[in-house]
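In the part that follows, the structures are each spelled out as structure tokens.
Next come two complexes, and both contain chain A; in the first it sits with chain B, in the second with chain C.
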Partner chain A sequence: MVEAGGRRFEAMIEAFLPPVFAVFFSMALFGAFVALAGVDPIEVYRLMATGAFGSWFSVQNTLQRAAPLLLTALCTALPAQMGMVVIGGEGALVAGGLAAVASGLALSGLGLPVLLVQFAMALAAMAAGGAVICFAGMLRQMRGVNETISSLLLTYIVIAVFKQIVEGVMRDPASLNKPATRALPDSLMLGMLPGTDVHVGLLFGLLFCLFGYVLIYHTTFGFAARVVGGNPRAARLAGLPVGRLVLIVTALGGAAGGLAGMVEVAAIQGRASAALIAGYGFSGILVAFLARQNPLAVIPVAFLLGGIAASGGLLQRRLGLPDATVLVLQGILFVTLLASETLTGRFHLRRPTAEVKEA
Partner chain B sequence: MSHDFQLSRRSLLMGMVAGSAGMLAQSVPFGRALAASGLTVGFIYVGPRDDYGYNQAHAQGAAALKSLPGIKVTEEENVAETIAVEKTMESMINLDGAKLIFPTSFGYFDPFVLKMARKYPDVTFMHCGGLWKPGLPANAHSYFGYIDEAEYLSGIVAAHVSKKKKLGFVAAKPIPQVLRNINSFTLGARSVDPAITTQVIFTGDWSLPVKEAEATNSLADQGVDVFTCHVDSPKVVIETAEHRGAFTCGYHASQATLAPKGYLTGAEWNWEKVYAGFIADILAGKTLPGLIRGGLKEGTVRTSPYGAAVPAAARSQADAVKAKFEPGDFVIYKGPIKDNKGQTVIAGGVSQGQTDIALESMNYLVEGVVGSVA
Partner chain C sequence: MESDALGWWGVPLAVIAGAIRVSTPFFFVSLGECVTERSGRINLGLEGTLVMGAMSGYGTACLSGSPWLGILAAGCAGGLFGILHALLCSLPRVNDIALGIALMLFGTGLAFFLGKPFIQPKAPGLPSIDLGWWSSLPQVRSALEVNVLFLAGIAAAPLLAWGFRNSRWGMIVRMVGDSSDAARAMGYSPDRVRLLATAFGGFMAGVGGSFLSLYYPGAWSESLSSGQGITAVALVIFARWNPLGCFWASLLFGGAGALGPALQSVGVTEGYYLFNAAPYMLTLLILILSSSSRRRLAGAPAELSVTR
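So, the complex of A and B:
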């Protein structure tokens, strides 16, 4: 028990060091980049720290921006366990947002308890998002369609249908110049975490990440999923229900994306409009890859990217840097982190690393 | 063994806590110091501020304020209509000490500007779009302009220049503000020659460069020889049309430099004048109304200087109508006006002036427009 704990900690260190190193390395590269643009890198670092974590306001800003990324990242990270590269988080989010508003509006007049209606909205959103990504899984499983392409194309379709519905049948006639659905009643809006300005959607994201981690690394279901990811033919030979696993895991990923949509409408927008298509789904892909598809690692990475986004405004305002500066940093970070994977397995802290057997 | 691992884990955590606490202590007094003197004004744009269009028009307005004494301008571009804009406003207030904020995109208003206006009652919000109504927070003003007056003048010029009598309009969405521009442009053109038609293509969103180029090309293929548009950045439409040898009327800002041959005139915002006026009023301690509107008369909108391709007849006719707009005498929507399905939308004898609320919910395309709202 004690030994296992020690080894686990050492494995954790080993998993942590390369990304941490990569973050510092890319910050240095980024510093060189802004220096070339004629800006003092120390000032840039200081402003980024201020904007992302420098005050209670900045911390909350970071958390707010991280909240949707936690969920949309899972939309990529969960199917990745089975060796699938799903990039349809945006579609799942948009479908989820619309389903949440539709169910919320439909149930709001019936005098049901608020919590029940909110639960139904979350469920509807997860079902809608799950259906989108599960469909991509189905196409892969049954028709051999590449899930990366299909999930992206499905996203375009979902967005087109979404716009058609929001600007058509579900349009609030009073929303003249910004077509949107009718607003959810205030009572159905999600509240804030006590003592903060951060909506409870953050909590949903954290819980879903924890759930994903436990499911993938501490259940036989997750083990089976990872076996499929390692070698689908071997998994089939071993008698694993590969098709069912693919469908369930893609549906779960999509459900996370859909829930992000529900949070966007029920905590922030109050109604569904084109403003829902804000790119959270695509940022989620980046988060998932940076977290190396580990649902638990999604949490710190989402906070990191949330912090970068939160500090981006300050860089623009104080230093006159263009908005694209933040994208440059994200790009450097992405490449460096992927490259840092080569460092894995080359650390020997106390003794040659023992194999860690899990599940 | 477990013991020393635990210790190292704990000291790691302790180190992290100490580090972040240090960072916190260092940066808390940061924002306060800046706010000490003068007025800090925050500008928020939904797209890039050099887009040759909507955002550039606002950024030019912001730039005009920078030279005023005691005014500090802080700007942020590419801010989405999500929690991002709420946080940007709050960050400008908390970290930059902004007391006046211009969230310039229409979609920022509800719920974000309203929420911030309630939370920060001593900060003034000037929102572009014209959505304020009595009952909403008094510090959340909204302003907009009757830019369709300038569109009407563009239509007159376009009609004189077009040889094939076919005008093209690339538009984002069939919403009232856009329909009003299409209709005014067309009515202006048909006041010159009733045989003229305007072909309209809706791209579906405010910034879709590829679709805008496709729409322009397909209209050019159908024989359209004068183009205008209502999208966030007219750059693509204007450049594509120029490339096709067609003439163009600009929108939002001047695109004359993008189309030296074909640029005729354009409907521009004059935010430089409007914003300087707001600042003067605020510094003088005047209370601004909740809803602020203006057209050519108030100097809220203007037309681009005529390009070389504009004939004298077009100039004199457009100038004559402009002279009637300036005192506020000219009415564009004077009945009878039919829509493009043959229904009468404004009866004979009925005259809907610029301030008429009926025009704000326009849902038709006038006779002569080829296209459909749904």
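So, the complex of A and C:
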């Protein structure tokens, strides 16, 4: 038993060696890139470390940005268990944010308990985000439409509907040049974690990741989902309800993305506006891939990328680098990571021996 | 005013004019992607390649003063992205769809980074050919102001269709796309053919991007492309991997994209954003109607992963 556990641990280390390698390799590439742009790479790394984890203030900033990433990463990571590549996290987030604001504004005047209204907002956000991604899953299941393309198209459509509503029926007449909805009452805003300036949305993200991990790796449902991901035909022959599994898992992923939208409006922005379309959904895809689609591994990776995003402001102020610097680093990281997949199975902590055959 | 005399007839006219203008980037991206997908690979990164092409085309035109050099630079930048995609995909275990997503983010980020200094300055635009000289109506004249790249696209579609059917190169690309084993047995390296096909696709997407920044809308900004690249990739599926189909589908999508601005020009501002999303809705609708969960799509290259 101990032996088996040890081997599982080694297998896990081996699985995570390529991503770790990719992170270091892409840091080197990024260093060369900023050097070409005429900036000292050592100084960039130093500032990034300071901006991400250097002080209590920057750590809180990092955690603040990691919160939506935890959730949007699940939007890709959960469907990935079934072999689907969903990239509609941004759409789920935007739909969720709008649904949260709409339900919050509608319920705020009724004198209901705050917690109940916040719960309803979260529920509405998860339903909206879940509906978007579940629709992509449904199209895949019923019509064979590729879910990668459809989820991205749905994102563009959702963003258009969002802008239409924010600048139309839900527009606050007082918001002149930057159209926005009316602000949520202060009482509905999410509180802070005790002793910090980090909102409780971080906790939502952590809990959702834990839930995802348990669901995928420690329940029959998750096992069935992974069987579908491994071999859909075998799953169907074994009598698994493939269609239902696809719908539920995509809805759960979308619900995570939608909750990210609720967290953003109810903890940071206070209203729905174009500022909600900030790219957390797209960064979430990278988080999911770096975490090898494992909901538990999403947590450290989201903190890492939250840190990178948090340090962007410092790079801009101190070195005059454009705000897209962070996007370049993310892009290099993503490309390097996928290229490093080719190394999978080539790292061995122990030489494979005959005893492995017992499985 | 002259424009009032036309009234609501201005709408279909503006849609046609818009279709000609808006569809040109769709042409180039979809024709290039058509070749890439026929070789058995899908490059979803064209969204990033398009933005990269728009930026490098505009930047080069700004610095050199020649829009033609801009087009060339855009094509080369796109080609480099295509080569990067193809080289990494030829490594074992590297997935072309995932890598496409990565390159989409990388291309967009890199273009935003390098394009910062070019947001303000004005680059020389591409000249257009006036085909509406016979008309006295300004709307007709402006509708028929056709860009050279549009004509190049019109010429490229039948040329590619002919090439796929009749040329040696077309045969090789199709064979690699249908069975890499057969190609290998014939002595062709699938990786090398796909490298060329993806580089071509990247080149075309880069040129399509330069049209955005150099002609219509005609300036470089970070909101220049939102989904034209991915729409064009979906359009290839709808066009059943047929270059002539890509041509008609591009026109259709261009027309859908021009609907919003056309209605706005006659004073209908209601639902502006929804009309702007029309191409995406149309794409999705067509994908839904034309796909099936039971059988593979007719005409799909057998090696292509999206249709499996």
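Please note the rule applied: the second predicted complex is superposed on the first by the 347 of 359 C-alpha atoms of A that agree within 3 Å, B and C clash if a C-alpha of one lies under 4 Å from a C-alpha of the other, contacts with A are read in each partner's own complex, and residues count from 1 in each chain.
As a convention for this text, contacts are C-beta pairs under 8 Å (C-beta built on N, C-alpha and C of every residue); 3 or more make two chains touch, one makes a residue touch a chain.
The structure displayed is predicted, hence computed values, not measured ones.
J.: Which partner does A:Glu167 contact after superposing on A: first (chain B), second (chain C), both, neither?
T.: both
J.: Name the contact category of A:Thr220: first (chain B only), second (chain C only), both, or neither.
T.: neither
J.: Where does A:Leu338 make contact in the superposed view: on chain B (first), on chain C (second), on both, or on neither?
T.: Only chain C; A:Leu338 stays clear of chain B.
J.: Which of the two partners, first being chain B and second being chain C, lies in contact with A:Ser187: first, second, both, or neither?
T.: A:Ser187 contacts neither chain B nor chain C.
J.: Could you look at A:Gly270 and tell me whether it touches chain B, chain C, both or neither (first, second, both, neither)?
T.: first
J.: Touch check for A:Ile285: first (chain B), second (chain C), both, or neither?
T.: second
J.: Could you pull out which residues of chain A sit against chain B in one structure and against chain C in the other?
T.: Shared contact residues on chain A: 163, 167, 322-323.
J.: If you look only at chain C, which of its residues touch chain A in the complex?
T.: Interface residues on the chain C side: 44, 84, 88, 91-95, 97-99, 101-103, 105-110, 112-113, 116, 226-227, 230-231, 233-234, 237, 271-274, 276-277, 280-281, 283-284, 287-288, 291-294, 306-307.
J.: Which residues, counting only chain A, touch chain B once they are in their complex?
T.: Residue positions touching the partner: 2-3, 5-6, 9, 46, 49-51, 53-55, 57-58, 61, 64-65, 163, 167-168, 176-179, 264, 268-270, 273-275, 278-279, 309-310, 313-314, 316-317, 322-323.
J.: For chain B, which residues count as touching chain A in their complex?
T.: 1-2, 5, 9, 20, 23-24, 26-28, 30-31, 42, 48, 74-84, 87-88, 90-92, 94-96, 106-107, 111, 129, 173, 175-177, 204-205, 360-361, 374
J.: Spell out the residues on chain A that touch chain C in their complex, using ranges where they run on.
T.: 37, 85, 87, 139, 141-146, 148-150, 152-154, 156-157, 159-161, 163-164, 167, 282, 285-286, 289, 322-328, 330-332, 334-335, 337-339, 341-342, 344
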